[in-house]
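After this come two complexes, each holding chain A, first together with chain B and then together with chain C.
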Partner chain A sequence: MRIIPKEVETLWTLFTAPVIWAGHFLACYALAAIWCAKRGDLGFAVVQAGIVAMTLAALAMIVLSGWLAWRQWGFGTNDPPHDDPSATDRNLFQGFATLLLCGLSFVAVLYVALPLLFIDGCSS
Partner chain B sequence: MAIAGGFIWLTVIGLLVHATRHERTPIDERIASRLIFWGGAAIPSLLLFLLLGYALWLMPGLRPFARAGEANGLRIEVTGEQFWWRVAYHPADGGVPILSANEIRLPVGERVEFLLKSTDVIHSFWIPALGGKMDMIPGRVNRLSLLATKPGTYRGPCAEYCGTSHALMTFTAVAMQPAAFGEWLAVRANPSPGASLPGRDIFLRNGCGACHRVAGTQAEGGVGPDLSHMGSRGTIGAGVLPTDDEAVRSFIAHPHLIKPGSKMPDFNMLPQQDIAEIASWLKGLE
Partner chain C sequence: MTTLKARIKRNALPSAEKIEEEQLRLVWKTPIGWRYWTSVNNTQVGLWYGGAAFAFMLFGGVLALLVRTQLAVPRNNFLSADFYNQAFTLHGTVMMFLFAVPIFEAVAIFLLPPMLGARELPFPRLGAFGFWSFLIGGVFVCGSIFFDAAPSSGWFMYPPLATDKAYSGIGADIWLLGLSFIEVASIAAAVELIVGIMKCRAPGMRINLMPLFAWYLLIVAGMILFAFPPLIAGDILFEMQRMFDWPFFDPTRGGDPLLWQHLFWIFGHPEVYIIFLPAIALMAMIVPTFSQRPIVGYSWIVLAAVGTGFLSFGLWVHHMFATGLPQISLAFFSAASEAVAIPTGVQIFVFIATMLAGRVIFSVPMLFGAGGLAIFVIGGLTGVMVALVPFDWQAHDTYFIVAHLHYVLIGGMLFPLVAGVYYYYPLINARILSPRLGRTAFWLMFAGFNVAFFPMHLSGLRGMPRRVFTYPEGIGWDWLNLISTIGAYVFAAGVLVVVFDVVRPKHREPRSEQNPWKAGTLEWLNEPEENWGVRSIPIIESRYPLWDQADLMQKVNEGAYYLRSAKENRRETLITSVLDAHPLQCQRVATSTTITIISAALLGGVFVALTFELWILALLSGIGTLSAILWWLWTGTGETPEKKTKDVGLGLRLPLYASGPDSVGWWAMFITMVGDGTAFASLIFGHFFYWTIHPDFTLGQPGPGMRWPMIALSLFVAAWVAMLGARRLNASGWIDGARVALVAAFLLTLAASAAGFAGPWQHDMQPTAHVYPAIVWILVIWALAHAAVGSVMQLYCLARSLAGRLTREHDMELHNVALYWHFMAITAVITFAVIGLFPEAM
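Right after this comes the complex of A and B.
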């Protein structure tokens, strides 16, 4: 049995990476806000570790989504523009667009996580 | 940051001029793809990453919060009300807060933490000479840390539209030498000796104390501004008029003409003599 299906023919896979970015963004800010409002005994390190873990998970999922998109695009064997009115070209176009969105989301997730390098605690 | 922005702008405009001025010669498709990938995606992402990192690194300096040991421990709680400022100085030793209104004093060279609140609508606290503005939101406590580096008197407006007299809601921030500030605060911790004038009894008899507090008297109201040391403030009505006899008299008689939308009713029905007595007593509270 395959874990990853050989082919997924749906428009929704296009949005996987941006949805992961949005979820990661929300989760990071919600975690920090709730943690700082509740002031647990464990300190800010929990938030830092949590954001690092969520960032790595988000990046891994985006890479996976990107690999699937690359596969859908035929591993780069066909050059754009895929503008023939055919099922093949529609499929290739979607794969290529998904791959580009994966790249964008990868960078965006890194940008979201960047402040972590400079934050050392909740403001008093 | 500005230099980097200017450099990027010049590069992009330079490329644009280059692209429009020079004759069109087709370039190899592989080279074009690589150019788009590196010039259009990879390098801009990397540059943005570096600039964003630099900006985030600068951020604590732009809006610093007092670190442990750096602050002098004084916290000033400012509550926005329609249309004035309730001020409470919380001493470092956790003693009784010292109440005031519409004027903020702070020591030069010491970082002071402000706790910003609101009881009615959103206001915004801003001393442009000392730092950025910060909203005062009902139900929340926003923190702002300011450091005055030069003694002086600075103006602070309400920077978020809050109703009819929004434009008439200001305060003065006075930055003083730490020693002078300490003395000033110590004086404010006690009732003003004031002058024993008949205005005091007229003030109390007419119920002014239901809304206004004057330390050392039965006036304990918390609806309107604290008047304990009103005579020592430069302005009345949250920066609307100077603290002179005539202005105080006209404010008592017609607060709505001077400050539309204020909660204080007109006291024009009092005899002019009584109003004058109240005004000179209040002005004497230094």
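Right after this comes the complex of A and C.
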């Protein structure tokens, strides 16, 4: 079994990193909401640890998908605009756009995790 | 055909090209007389859609002027308090639901086929059905104010005010049911646009060459699928409470008004971006044209569109910062609200870079675009402010928010849209709008807007709350409000100038050139006099084909490319592959019909009858709708072509029929069911939401037990397996076996539905007693309603098979129904597992 997936040609890979962001966001929200509703302020460390773990996992997945995108983009050997009418340029465009989305999703996941630095309880 | 012969006779010796051209023209001809309204072609439907949305906008604008007039001076009695409530509620509702979203659907339906080099979108009748639904629903909602029956609880209809029949009257029902009907139209448009953009592009238009407008619209249509269904789910819960007293939002019986706020804003916030992105998409077409160069950072725009599309779903709670949710939850949404500024900003910088790198022509569209972006940036900055929880607590429900949202929506949507009207008007009428009037309109609107809305920041910070119908003098709000009202009238004068410019007769003016702005994208091939979209479907090799492909216009108009003729007298367009736009199929598309109007009118009848609780009429209209849609499907879809393949020109033969994932119908079903699944997920969210807010969710109420839900679950899975069996047997050629499997699937569905019903019924669960039985019943009803639709589909397939119209080779219906059943099976498994296992597990 190979660890690094081989290159696939589909539109859907473009959305990998934003989907990871969405999953991370929903999981953080659900964890905190359920914990705060059901357990009050007891053991908020569980929420913190959970969010840290999910954030690290999400960032790792985004880095991996970013690496795959970088590979699809030919490791940066070609510059945009990738507007030739060829399957090669179409593929490079997909790689580059996916890589950009990985960058945005990475930052957005960090943003969502940031509240942990400032908030240490459910306190409504 | 007699016309064709007559015309050929008139030209002494018509060339072969002339005959082909004339035949193509006849096939695509717009009907005349009253039949004009039966047209389903994207050009007419797009224009009607746009015209209706603009008319609603003017109506909403008049309401806004009434509101502003009332607020001009303190203690004014120009409007009564109740009429004021109706006016501002209807103003918000009309602008959001009847103008901002539909106008983008209109522009997309009108523009996309020529922009993609397609003759037509894949489902013209669905587009027309969406338009008629929108028109009927819109007139119904707007008309209510003339009977003093308009909704009056604010455009977001918060319970408990809006669930209280004594306070909110019938207006709330009109809002809920009228808008549910319009949401159906939006989802229909989303299906049409996604399939159109993915599968109907001209050969060679790979995704790296697709016009940015199409990229934006693809994302927006996807967002509609995930944003609108939660509101539909919320509407269902809301109406069940209003009609039958099921206590979803009543805290005394376990309900919670906050669930409505969640469902509304899961829709409501992405909605802002659903409105904003198409307008920015127009700018992405206009800026390169007037900068006379390709856009700088095409991939960055794709990043921005996709990124905004996703992040906008993580913002909804920032409308609920003052509701007492845990601070950690608020902080997640605050963070995401700040993050969305990144992709939004990227788009603005891309436009600035393109303008800096090119030689800018400051035309009227650029003026509106640039002015709009300046306004939008101010709205974006106040958005960053209110995304911070502590600031929001100060500004919440004050005029600061009114100022913020109008800066965002008018700057981000209305101004770019007017830019689009000035830019694309030549495609409608082959005339350009007056630059002089355009500039006058711009300065009136720009100045009027700022004079009207900037002071609202200050009146908000001085504590003036939203939605008050009057205020006392001497607390620092008087002159700010007067200035706002003056500004509103100046702004309205600017809008009137635009309206005058658009509707004034122009037949004496000279015809403009075919591409008056020297743009580079394909839509400028379109000749307004012709209804066929393009004379022949070109091969695309550039992002700006009119700039880069020499003689493209001439060759297209000479019919040098694909589908230059319509020998079989059928309307046809090409289906191409998603990534590289390789031609795959020649798709025949539907022609003019009254069935779309009839179906929309009957469905409208269902919603109107429900509003007035006329159950018999609602039932009859429902049966009528079902019959009309079945007739539409039976006569208008899944046609067996007279031959397998067709020569589409340039030596290429393409199949005329496809089924399964190769067919556009399969994709339409898939996309519809994704939206449907989102609505279902919203109901499941509701179930678990109630679980989180109660220490003991069931509160001693009886549950449906485990036995019946598990039996229902198993029978639904069996029905699904039988459906898959039917598809497989049909494909293997054993037609009788397939028919038996269909009958078995149908009987299993009936048995499964009965078992699903038996659980809550036998345990005597009273939906009016408490929210737990109510939410269980709603989930069961949802599953059973889908099972009913699924069983009609099974019978439809059986009938098609018996009629010889569903065969081994032509099995599109069976594939689509099997796909429906995948979603049906997921719905059933989740529903019955949740209601049967969850209370036991707890």
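We adopt the following convention: the second predicted complex is superposed on the first by the 119 of 124 C-alpha atoms of A that agree within 3 Å, B and C clash if a C-alpha of one lies under 4 Å from a C-alpha of the other, contacts with A are read in each partner's own complex, and residues count from 1 in each chain.
Going forward, a residue touches a chain if its C-beta (ideal position, glycine included) is under 8 Å from a C-beta of that chain, and two chains touch if they have at least 3 such contacts.
Predicted model only: the values in this text are computed from it and were never measured.
K.L.:
Which partner chains sit in contact with A:4 here, chain B, chain C, both or neither? Use first/second/both/neither.
P.N.:
After superposition on chain A, A:4 lies in contact with neither partner.
K.L.:
Examine A:107 and indicate which partner it touches, taking first as chain B and second as chain C; both and neither are also allowed.
P.N.:
Both chain B and chain C are touched by A:107.
K.L.:
For A:49 in the superposed arrangement: first (chain B), second (chain C), both or neither?
P.N.:
neither
K.L.:
Mind working out whether A:94 is in touch with chain B, chain C, both or neither, as first, second, both or neither?
P.N.:
In the superposition, A:94 touches chain C alone.
K.L.:
Which of the two, chain B or chain C, is in touch with more residues of chain A?
P.N.:
After superposition, C is the partner touching more of chain A.
K.L.:
Output check: A:21 vs chain B and chain C. Expected answer is one of first, second, both, neither. What do you get?
P.N.:
Touch partner of A:21: chain C, not chain B.
K.L.:
With both complexes overlaid on chain A, does A:115 touch chain B (first), chain C (second), both or neither?
P.N.:
After superposition on chain A, A:115 lies in contact with both partners, chain B and chain C.
K.L.:
Considering only the touch criterion stated at the top, classify A:36 as touching first (chain B), second (chain C), both, or neither.
P.N.:
second
K.L.:
Could you pull out which residues of chain A sit against chain B in one structure and against chain C in the other?
P.N.:
The answer is residues 107, 111, 114-115, 118, 123-124 of chain A.
K.L.:
Name, in rising order, each residue of chain A that touches chain C in their complex.
P.N.:
9-11, 14-15, 18-19, 21-22, 25, 28-29, 32-34, 36-38, 47, 80-83, 85, 87, 89-90, 92-94, 96-97, 100-101, 104-105, 107-108, 111-112, 114-115, 118-119, 121-124
K.L.:
Given the complex with chain A, which residues does chain B contribute to the contact?
P.N.:
29, 41, 45, 48-49, 52-53, 56-57, 59-60, 65-66, 113, 143
K.L.:
Write out the stretch or stretches of chain C touching chain A in their complex.
P.N.:
Answer in residue numbers: 198, 204, 206-209, 294, 297-300, 302-303, 306-307, 309-311, 313-314, 324-329, 331-332, 334-336, 338-339, 342-343, 540-543, 578-580, 692-693.
K.L.:
Please name which positions on chain A make contact with chain B in the complex.
P.N.:
The contact residues of chain A facing chain B are 79, 103, 107, 110-111, 114-115, 117-118, 123-124.
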